[in-house]
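Have a look at this one.
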Amino acid sequence: MRFFSDNAAPVHPAVLDAMATADELDTAYDGDRWSRRLDERFAELFGTEVRVLWVPSGTAANCLALAALCPPHGAIVCHKDAHIQNDECGAPEFFTHGAKLLLAEGEGAKLTPETIGAVLSAARYDVHQQRPRAISITNATEYGRVYTADEVAAIGALAKERGLGFHMDGARFANAVVATGAAPAALTWQAGVDALSFGFVKNGGMNAEALVFFDTALADDTLYRRKKAGHLLSKGRYLAAQLLAMLERDIWLDCARASNAGAALLAAAAGPRLIHPAEANEVFLRVSPDEAAALRAKGFDFYDWGPGEARLVVSWNQRADAIRPLADAIAAL
Amino acid sequence: MRFFSDNAAPVHPAVLDAMATADELDTAYDGDRWSRRLDERFAELFGTEVRVLWVPSGTAANCLALAALCPPHGAIVCHKDAHIQNDECGAPEFFTHGAKLLLAEGEGAKLTPETIGAVLSAARYDVHQQRPRAISITNATEYGRVYTADEVAAIGALAKERGLGFHMDGARFANAVVATGAAPAALTWQAGVDALSFGFVKNGGMNAEALVFFDTALADDTLYRRKKAGHLLSKGRYLAAQLLAMLERDIWLDCARASNAGAALLAAAAGPRLIHPAEANEVFLRVSPDEAAALRAKGFDFYDWGPGEARLVVSWNQRADAIRPLADAIAAL
Amino acid sequence: MRFFSDNAAPVHPAVLDAMATADELDTAYDGDRWSRRLDERFAELFGTEVRVLWVPSGTAANCLALAALCPPHGAIVCHKDAHIQNDECGAPEFFTHGAKLLLAEGEGAKLTPETIGAVLSAARYDVHQQRPRAISITNATEYGRVYTADEVAAIGALAKERGLGFHMDGARFANAVVATGAAPAALTWQAGVDALSFGFVKNGGMNAEALVFFDTALADDTLYRRKKAGHLLSKGRYLAAQLLAMLERDIWLDCARASNAGAALLAAAAGPRLIHPAEANEVFLRVSPDEAAALRAKGFDFYDWGPGEARLVVSWNQRADAIRPLADAIAAL
Amino acid sequence: MRFFSDNAAPVHPAVLDAMATADELDTAYDGDRWSRRLDERFAELFGTEVRVLWVPSGTAANCLALAALCPPHGAIVCHKDAHIQNDECGAPEFFTHGAKLLLAEGEGAKLTPETIGAVLSAARYDVHQQRPRAISITNATEYGRVYTADEVAAIGALAKERGLGFHMDGARFANAVVATGAAPAALTWQAGVDALSFGFVKNGGMNAEALVFFDTALADDTLYRRKKAGHLLSKGRYLAAQLLAMLERDIWLDCARASNAGAALLAAAAGPRLIHPAEANEVFLRVSPDEAAALRAKGFDFYDWGPGEARLVVSWNQRADAIRPLADAIAAL
């Protein structure tokens, strides 16, 4: 059983079905009837007007959002372990044309107004430094932690007070919604978020993510940026159909419930081995090299995450009966 | 019947089938077994060693190729009607970080050593101008013309003589192969092409194009550039599977044969109305506004292409019986 | 005698004196008392509020202005022979992060509302093309022609109507002012110009040009861009002092009067050999290779400017007695 | 007396004289006889072949060097307090088109093979992160410390072993040479440095810095990058003349000797208040707000440098008799 990454999982059958259904001639790019439904459909979900662009990767969603919020001579505050800092090969710098990421601290890759404020206070506000223009947080975080609506709102208040844009990398937004029980609106625009990278691929999608602008004025230029970056795919209906399918009958929530539950099962078995509370679908464990080898010998695959640490990620399609053997193996270490 | 664009057509059933077949857990990004087969499979096709990267759009393929061939302070010679100049919203400038496109003339969007040479001769070779570093041609061209292997080779010889990289935008490469009857090798690396954007999406694919490096050393840095541009999709196997499926049993050739044949039917009906020889799957017609309206009244949709001109594009799935009514309508004008 | 370029000329004594006078300790960068006088001093000259930044090169002035007026996904209309197109090695693309130059036609490198309008009409206003966002003209032009205040205003009216920014490359602005007899205000902000690259170096300065924003809101971000591009020199007072010195006692006008007069002398001698009316300080002649050789044999140096053509540029310090021998030699051809 | 910054100081008389001497007509840009002497003159100084470009700012020198050493998808290891990180408004990201700075620790802004190695070890060498391609150190450092030749060589050996380029920001290179007593060669190319930003402006120059390539192949592309960035000034001889003047009769060393000596005087007075050993021309002191106010009341100006800390910088023209009153005032605190 593989617990490497939710990126490696297969695609939800409803997504494949929707793509097959979309397999008829329509207008190219994003003029088709699926793409044209996105704004309305996501507006329903969030209970407010939004502008939504599909893109084929989370990196594209994140970096288009950052480029909309921060000029080349600006800076973006994020966690030092953020995906945009560590896992996108400088895509933020590419899309923003050179904005700087200012790195904040925080347990479990979570930021707080205090840790963000420390970075903002350390900045000099003269032309010799890139001026902070945006904050980016990840929910659920890279370490499987979640921000509650209140926690997001506290950061949103800081962003508003300082005149900063506010981006949420929601590669695992569904997991955060499930974990917190909060409404999508409460976790985002009601908490001051201007742009959300709403992830579907890690949660059962294939190659469509939604870039959701709550500050709808940001969408206009982003349409050009998306094209300029090669992300305006010519048969966009196959992306739009994926997003619509995931939202139907709350599939996106079901998938996240399953993966969160799987992680909870593993976490319960791990007990004191847990490095971070397993609030979403990721579990970080302390395991010795020998223990890791023992787990692998039983057929469980996962990433080492620094010395003596392992990362286990549960995917949408790994249900309890598939998880339990690993939970038992961990408990038996 | 719509003849707007081959971008609007549905996806070949074999492609959808292959994607469904790839729907199982494997390694993320491009470490899966489909992606890992690409180099070998395309090497078979081209009869030489190649490095192949999937990307989700032709713009990404083109611009990653250009960035591999031309530094920010260089220039790229292309036709003034080239897709990279007119239809990619500055993506070449974005990916290359500011290289300049130098525009050459030529009937039907075709370049020749002479028209390219004229541009090269007009350049000053001092630091006040961006030095030409690459040539990019489109085969089949934006006006449905094709380059023969000899024509490509003549340009390739010029490129070699002047120390320039040579890129082919093959968004409709299949149509060119079918139209010329030339071997893929003869149209590309044997003619001096360093990098080919091998298009599948206009020809029955969904959202996977192949960037083929014949100069294999160019691939290494491009892997980073692809990631940095957000084009390293996390579930890459669904892209790789599309490419492999199209190459199986020569589906890519069958599709192009069909669309070329459809265009030939329309061209025959058009007779003296033809603006360019219809060598691939596009037909450009002289039609008055009244005539265009008459065709539309009969249910045929297409783009106006300047005053008194229309562009008709035949897709892979439009077979003769679907084309004939339009041919008849054109003949009857 | 060298007539290569006004770039090659020495520096006006008043400029050197002013630099020596500025040679005392003051605040670094642009906080010194010379730099802080610029806004007010240029406001006097132009009769309106302005924001002025010194920069060490005309390329920096031009490209910072363009970056202020045009986003990376925008386009700038300029003449096909404009300095920003042909002589800055892609600096506009670098500073704007990839904006495209759209090239218009026009005799003597002069644009008109008609030729600009032709380019604007040819643009498609969809996301597949970079949207025109600015117009840039050069006054005096690269061929020694000048725009009158009315001609500038006609273009300014078009810019306003289309919502485009309006930049003037005034590397030889002084020559245009002298040639037209127009007030600096009439040639610029009263005619709709938002940003002026006000050249001093070709006119007796050393290494300071003034970037003048009539749309003063554009200056704020430009302060960051200037720093980011390495153009915020640490001892800025030596640049500011140059600009102030040139404006004192109308030295800038005296210098331009001298060079314009010299060019007029040469033009009178050239008669039918003139390719363009010599309105500023540049003279373009038809001369055979033998004739060019004959002039050079007499000690006159200049650039060939295409086959059978020569460019002669008169500098601020070449007074009539120095020019006459060349005029005589031309007349004697 | 002002001890804000060596950037604020006046210019050495020999520099002004040389600029006046260069005030005659010559070829524009860098074709003049002063610019053409630079390679040879610096080769004498360094005892090896070099390619030298003048640029008008240290930021330009640094960032052109970094762009020569690191591609857009690469990374550069530097100290977290480096000028390129904190004081150039993202110019490194601009010139390199998005390379990332990886921040290393070290007392007094000094790096060691160990602290650099820690950063290199923390990097993942996959396409998801920008690969380290260069190291940049500052000598003398931002805190007035110097690297000995052996210390530089140890880092140079690491760079070579890892295949990394090696840049030295020598904004205060002269101070480092004087402080260490090392030969310029020993501190640079013999220690593995590929490119040096050789600073003159803080040391008595006006607006010319030397970018010295020991890896001479890097200069070719840099000529284009310099132009593209607007740093190829048209009257380059006034920059070249500055550099040549400073090298004549060892003026550059005399100036640095004076400012180092002044700092030593202050440091001796400061005793236990010293935060860093004052090896070059900068002194960092612990002073309470009241003490700082007391010093200022006596007419001494300087920067606060964090709470309870002050930075005093001695300029080339501040001789012992000017320094002593401040030294006395510090001693009397």
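So that you can tell them apart, the chains are marked A, B, C and D in the order they are listed, and the count of residues begins at 1 in each.
The working rule: contacts are C-beta pairs under 8 Å (C-beta built on N, C-alpha and C of every residue); 3 or more make two chains touch, one makes a residue touch a chain.
For clarity, every value in this text was computed on a predicted model and none was experimentally measured.
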**Prompt:** Rounded to the nearest 5 degrees, what angle rotates chain A onto chain C on CA?
**Reply:** 180
**Item:** From chain A, the most remote chain by mean C-alpha position
**Value:** C
**Prompt:** Between chain B and chain D, what's the gap in Å when you average each chain's C-alpha atoms?
**Reply:** 50
**Prompt:** When the C-alpha atoms of chain A and chain B are each averaged to a single point, how far apart are the two points in Å?
**Reply:** 34
**Item:** Multi-chain contact residues (two or more partners), chain A
**Value:** 72-73, 88-90, 94, 97-98, 127-128, 130, 224, 227-228, 232
**Prompt:** For the complex, which residues does chain B have touching chain A?
**Reply:** 2, 4-5, 7-11, 16, 19-20, 23-29, 55-60, 63, 88-91, 94-95, 201-202, 206-207, 224, 227-235, 238-239, 315
**Message:** Could you list, by residue number, the parts of chain B that touch chain C in their complex?
**Reply:** 72-73, 75, 86-90, 93-94, 97-100, 127-130
**Request:** Show which residues of chain A lie in contact with chain C when the two form their complex.
**Result:** 71-73, 97-98, 127-128, 130-131, 221, 223-228, 232
